[in-house]
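All chains are identified by letter, namely A, B, C, D, E, F, G and H, in their written order; residue positions are counted from 1 within each chain.
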Amino acid sequence: MSMHAWLPLAVLASSLVPGLVIFALPESWIGLRTALNLLGALVKLVLVGLLLAGVAAGEQYGFRHAVLPGLELAFKADALGLLFISLSAVLWLFTTLYAIGYLEGAPHRSRFFGFFSLCVTATMGIAMAGNLFTFFVFYELLTLATFPLVVHRGTPAAMHGGTVYLAYTLAGGAVLLAGIVWLHHLVGHTEFAHGGIAAALGPQYAGQLRIVFLLLIAGVGVKAALVPLHGWLPRAMVAPAPVSALLHAVAVVKAGAFGIVRIVYEVYGVEFAQSLGLLFPLAVAAAVTIVWGSLRALFQDDLKKRLAFSTVSQVAYIALGVALFGPIGTIGGLVHLVHQGIMKITLFFCAGNYAETLGLHKVSELSGVGRRMPATTLAFSIAALGMMGAPLTAGAVSKAWLIEGARAAEMEWVIGVLWTSSLLNAAYFLPILWRAWFRPPPAAWPDEHIPARGRRETAWLLLVPPLVTAAAVVVAGVFAAADWSPLAWAKLIAAREYVTPQ
Amino acid sequence: MIEWLSMGLLLVGAGFFFAGTLGLLRFPDVYSRLHALAKADNLGLGCVLAGLALTADSLAAALKLLLIWPLALAASAAVSFAIARRAQALGIAPWRREERQE
Amino acid sequence: MADPLVGLVLLPLGWATLAFVLGPGRGAWAALAGIAAQAWLAWLLAAQVGAGGTARHAVGGWGAPLGIDLAADGLSAALLLLTQWLALGVALYARSYFAAGDPARRYFWPLAGFLLAGLNALFVANDLFNLYVTLELVGLAAVGLVAAAGGERQIAAALRYLFAALAGSGLYLFGVALVYGVYGTVSIATLAPLITPEAPRLVWIAGGLMALGLVVKSALFPFHFWLPPAHGGAPAPVSALLSALVVKASFYLLLRLWLGPFAPLAPAAAWLPALLGAAAIFWGSWRAIRAERLKPLIAWSTVAQLGYLFLIFPLLAVPAAFGAGVMQVFAHALAKAALFAAAGVFIQATGQDTVAGLAGAAARLPVTLFAIGLAGMTLAGLPPSAGFLAKWQLIEAALALGHWPIAVVALAGGLMAAVYVFRVLRQAFCLAPAGAPVAAVPRALEWTAFALAAASVLLGFFGVDLMTLIEVRA
Amino acid sequence: MTSGLLFALVGVALFALGLAGLVLIGDVLRRILAFNLMGSGAFLVLVGLAQRNGVPDAVPQAMVLTGIVVAVAATALALALARRLDAQREGALPEDEDG
Amino acid sequence: MMVLVFDGLLACALLWSAWRALATPRLDRAIVFFIAFGLLMSLAWARLSAPDIALAEAAIGAGLTGALLLDAYGAISRRKGGK
Amino acid sequence: MTTLAFLVALFLLANLVVALIAAARGPTSADRMLMALLFGTTGTGILVLLSATGMGTALVDVALVLALLAAISGIAFAKRAWQAEENGHD
Amino acid sequence: MKRLAVFCLACAFVVLTGGALIELGPAAIDLRGQVAAQLAASGVSHPVTAVLLNFRGYDTLLEVAVLLIALLAILAVTDKPPAAPVPAHPLLQAVARGATPAMILVAVYLLWAGAHRPGGAFQAGAVLAAAAVLLHLVGLLPGWGAPGLRLRLGLTAGFALFLALAAALLSQGALLQYPPAAAGTLILVIEAGLTVSLGLILAGLFLFLSRDEGGET
Amino acid sequence: MKRSLLLRGAAFALLWWVLSEGRGDGWLLGSAAVIAASWASLKLAPPAPPHLRLTALPGFLRFFLWQSLAGGVQVAALACRGRAALRPGFVELSLALPPGAPRLFFAGILGLMPGTLGVALDDARLRLHVLDTRLPALAEARALEAAIGRLFGVAP
């Protein structure tokens, strides 16, 4: 087995092995656990870097293992996968740092970090899946590994949230499985390939392929939280903040969105999907989700719930970008995969900081928090502005490309949707910012566990990650034209998907 | 001659068996029925065995047939005694003719 | 042993006898040594079959139809392998499980030995009447193991089980009698070319009765009534053996006859077992979801999981269906043994058998909890477990033949399994009630349960090897 | 009609009788009897059907001997269980398994 | 003809005793019918030219099964009677 | 001779059946136990007669065993199973 | 209702199977010829014994295991030590005393006869067991409690001998493949061992179970 | 003791000869059987004082056969006449025979004799059931007692 086969496996192992070891560690071995966590995250970053360099140099990375005759676990590292891998690997490092600070002194930390690492492993698997079967394997693993994190606190609310989460995702998994087996039966394999694999079938299969598409999208749509399959997401917000941050900004919902991308581009092939008339319904579903999520977010007082509905809305941008036939929309969707990730994780980090430092959970309690926690609130503001699509932020870039894409695809109504969404974004974020910066603080905070000492507003492990990611939001927006920006990357991918590069 | 004797014994044996069955059918209580079985049937068996032994191939075979009889007798004696004793212990009264019929 | 085929039958008979003579303490060592040797023999046999095709042995040197032939094709070799290795795990578990004074321990080893001998003999038998004897061997040993626990519930369950087993084997024997009457032989190899679709009516009756008997013994709905009390009431190692192996034995036999000598008649009835299997999945899962106590929950889950095995009958035209059946046998055997083993750990730790009682214990027994989780993955058919591969093949076979309702049943059954599995897991994550006492449990118990569960998941990566082995057909 | 065929027919009837008894009867001892009748029926069919041309056949006879041993073993086990159950239960009715 | 009558009679006796063993209301009697059935079976085996089985059936039926059943019945009914 | 033996055997079988029915209809449990006695005698007789009709001398062995063991079930009945009659007439 | 349904089903089954039975033609294979042809090589001259211990000896081996299992299971569920037996009436005891030696003799005879005429280990064991049952019933032989080492050895000896011989014969090429010259002797040795063990096992089925709880005669 | 052993051994050897139908090839097993049977016999029924007198055996057998035939005929006759002919009842008899084998032998044989059936034997009292109380059952029982006394060489 060559280096080219080992590297993808090593990327998986760099979080799997520490995770398994952490499970076995006694609760009190904090130092070793922390070291393992960070070591895993750093090693993974290095490995991802190697992969990036290799792929950029035109190397092919892949690994295959047959589990049944005609059925293989396949891994490959391509540009699209690497986009997702890099995002996850980087954010994992920050989230780990954040989680170490957040969970200081909490019970069952070995269990928490163990499953946390498993989640990352599953996410890596999803990103590197070389066929739909492998994608599904890790997709289900992700469900299983996140469940213990959702119910981590063991309270009745956590139990309820976990149950709802499982009900949605397992049912979605079953539907997805049905679609995959069907596809496997029709095509004989489920490889991800440029231009898709379904197009090879004759026109007499069009009907079946439409049903399969519906099954597949419904399956991944659960995790991507497409309306009406989004019901689990707000309820899963009972999880600890790092979980909400990583999983509901990056891993889980992105896994769904990423699945939609893979299915449309590499299973059906965007041209073939368009010819079957599948993209338009997808666009409609995404549009409905965008508007509905934003509307619901407007009426949430619970901060994390408001963020969760915002996620519902924002993740659908990706699906929307994919559904806009044409390279520009694609670029918008793909770049939003990254941009939404860094923006939303910043927001969740900040929400976690408010809750952990001052016991603030509700929007209505945030009055004047900007004075008590200026750095956190600054990061929150940047990310929120990004979400609205304010200039110089990452959000502006993705929205701009999406609007262009819609115009190019001659779907002007989408532009309306995007503008409506932006307005609604503003409507649910601006009051928070206003309240945080300009309203007077209360006499006493509800539950202040970390006292302000000098210039330090909270534990530095909680503060650094949101600041870094907030900075990233700005950098991604300002340097969007650079060679190494997510945008450039998305262009590269789109160029490969559409035979005629722009 | 032996042939005829043997056949005769078989028929007599059958007759005793018949009598035993008749007794079983007609006798009024368990004790009397035990009489019928223990005596008539055993005698019937004895006759049949003797009849067959007469025509047996060898002396040993004949003795083997005759050997069955004491075994059956012992079994009958033991079982009828056991049943009668148990019946009596459980207080089953023997049937008695109604006095006025005499 | 020169011939692994024979050694696998003689060895357990030998050590079971020895274990009886030696008594429970030293008997355990005889048993462990014997099972380890069997595991090695099974491995040899699998290698031999994989390389050289079906292994045969003519007992007494006569050859069928006068004598009895033993034969192991890929399916037999695979099941033998499963049986020995699983038994090794359960034996290690049982050695730590039974306390010195436990009445269930007195005759556990000899009975388990005879049970294994019966199973092995069943898997290598190639003669209908010999199969009857092995069925009785397995049935009576299983009943004895259930009854040995000695409580009123267990005895009642054992009695119910015994009658079901006897009715089943009686039906089978009657079928064998008819077959002998029609063809004058009971050797499967000799019979196979003789039975045609134009066979006399009696052969159809015989086949039906044998199938019915085997279905009763493998607890297919609605003949499952005996299973939950028996498997739910027995001591954990016994439940593990019974649920994992014993019910599979009669299914194996059914499959063997269905694909072998009775193949010309089989298509006529293919949908009946599938319908009953679907009913079993729904009813068993439903009862498992509703169960209050842990071991009955697992036992009802067995009822449901056995249902999958019978879904394959209308699909056997596609090779994937056969693979699905075997894979499900493996997956369920390992997972169910792990679950019962884990349940035994909880019972020893908390002294109670309720699902609610898990709330406190699970946090303190993480290895066992993991075992339940992994085994649960297999039962619910979640990837990358062996149960998932079974489900995959089943659905694929169903779609290939256009029988999509079977695929729907398989998917729905998986979801229902997930419901009862996560009902248990969820309880484990609940906050522990204060002060619930948790007794210390031997490490060996936890880790054997975990090893079995891990095996059920890891097997999901080695499906190709298993499928290659069972390709070797007589 | 030969004896073999006749007794095979009797065997079929006995088997059906025993099976019906096993299904319908609740009493344990009676079910044991029913099971034995069922077994006897199967044995009769095995030997009777094989000897329907009137010539004795040693193979099914040997099988029936084996079968009788098994039936005795099963009967004794069932009786042991029934007695133990009765001793423990002392007349109480079985509670149905929650399962 | 004679043979047929004999076999027919034996067959009827077999079926009758089997039926009585299942249908007689009292259990002790049912057991006795069953013992009778066993002995009739041994006659049937004799008629089927299977003396080996007849021997086994006679030895088991007369010597073991009957005693086992009667003993079990006694133990169970005594317990019922004692209550 | 053979024919006669068979006829007698048939007659004994008829006797046995009638006696069985009679014993079955008797009022006490002991009447049923008479059946065991019947087999010790009539059953043995039938077996030896069948043996004489050319069905093999082995049937004599069967008869021997039957006669030898006939006592057991009777004794078991009397000693173990036979309780007080539960209702007078039955 | 259920009763009626089962009754109808049973009747239908009898009619169907009976009808099919009557119209059955001759069997495709007749083993009688093969049994007769190989009888000389089997070591015994009685075909049933030849089938039971040679041609299908494997079945017999497993069948003894079934009996042992039943015994083990019975042992596993009975834990009360046996009560002292209630002696029966001296008359019955006398009959038992007289009958037992005869039973032993008959048992050995049956064992010996098995080689050339009906009889064999199982019948012999059953007669031996019947003797034990009789002695127990009249109170001359106490019931058995948990078996000691000697009894355990006795119960398993026959089976162990059979098993060991079967395994040893593997060197001949196959399980239970008797060398034709020694077949008769080996079968007799096996049968002798089985007679003792089967007698003990069958007796055990009764003696381990039996509890004399106050019936008397 | 030695005499009993020899006698019983011889009896069992004869029995074996009868059972094996005179075949000579089974003596190895046969002698084992005879030894086992003798051992069991001595163990179960150790020889006790009133010994059977072989010389008296033929006479007793004649008596027994004759009485047994008479008993059979009597019962047959009664059976043919139905219950009208019966006068059943219990009769008590005090035994003159010494306790042990003779007495038990008597009680057992009595059931095969005309008109009588032993019902209960306690110490020296025997309760009989007779089919017809008018028949001389007691006298016949006394005759049997005498015959058994002769057989065992003891005074009744």
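Operating definition for what follows: a contact is a pair of C-beta atoms (placed from the backbone, for glycine too) under 8 Å apart; a residue touches a chain by one contact, two chains touch by 3 or more.
Only a predicted model underlies this, so the values are computations on that prediction, with no experimental measurement involved.
The chains in contact with subunit C as well as with subunit E are D, G. Any chain that touches subunit D and also touches subunit E is listed here: G.
When each chain is reduced to the average of its Cα atoms, A sits farthest from subunit G. Among the chains, the centre nearest to the mean of all shown protein C-alpha atoms is found for C.
Contact tally for F-G versus E-F: the pair with more C-beta pairs in contact is E-F. The mean-CA centres of subunit B and subunit H are about 15 angstrom from one another, to the nearest whole unit. Averaged C-alpha coordinates give centres for subunit A and subunit C that are 43 Å from one another.
With centres set at the average Cα position, the gap from subunit F to subunit H is 22 Å. Taking each chain's centre as the mean of its C-alpha atoms, subunit B lies 57 Å from subunit C.
For subunit D, residues that reach two or more other chains under the stated contact definition are 8-9, 13, 17-19, 23, 43, 49-50, 52, 59, 61-63, 65-66, 70, 72-74, 76-77, 79, 81-84.
The residues of subunit B that reach two or more other chains are 20, 34, 38, 42, 44, 61, 64, 67, 71, 74-78, 80-82, 85-86, 89, listed in rising order. Looking at subunit A, no residue sits in touch with two or more other chains.
Interface residues of subunit C facing subunit A in the complex, by the touch rule stated above, are 323, 363, 366, 370, 373, 377, 380, 382-384, 388-389, 391-393, 395-396, 399-400, 407-408, 411-412, 414-415, 418, 422, 425-426, 429-431, 460-464, 467-468.
Those residues of subunit D that touch subunit C in the shared complex are 8, 11, 15, 18-19, 22-23, 28, 31, 35, 38-39, 41-43, 45-46, 49-50, 52, 59-60, 63, 66-67, 70, 73-74, 77-78, 81-82, 84-85, 88-89, 94, 97-99. For subunit B in complex with subunit H, the touching residues are 15-16, 19-20, 22-23, 26-29, 31-32, 34-36, 38-40, 42-44, 46, 58-61, 63-64, 67, 73-74, 76-78, 80-81, 84-85, 88-89, 94-97. Subunit G contributes residues 16-17, 19-21, 23-25, 27-31, 34-35, 38, 54-59, 61-63, 65-66, 68-70, 72-73, 75-77, 79, 149, 152-153, 155-156, 159-160, 163, 166-167, 170-178 to its touches with subunit C in the complex.
On the subunit H side of its complex with subunit G, the touching residues are 8, 12, 15-16, 19-20, 26, 29-30, 32-34, 36-38, 40-41, 44-45, 101, 104-105, 107-108, 118, 121.
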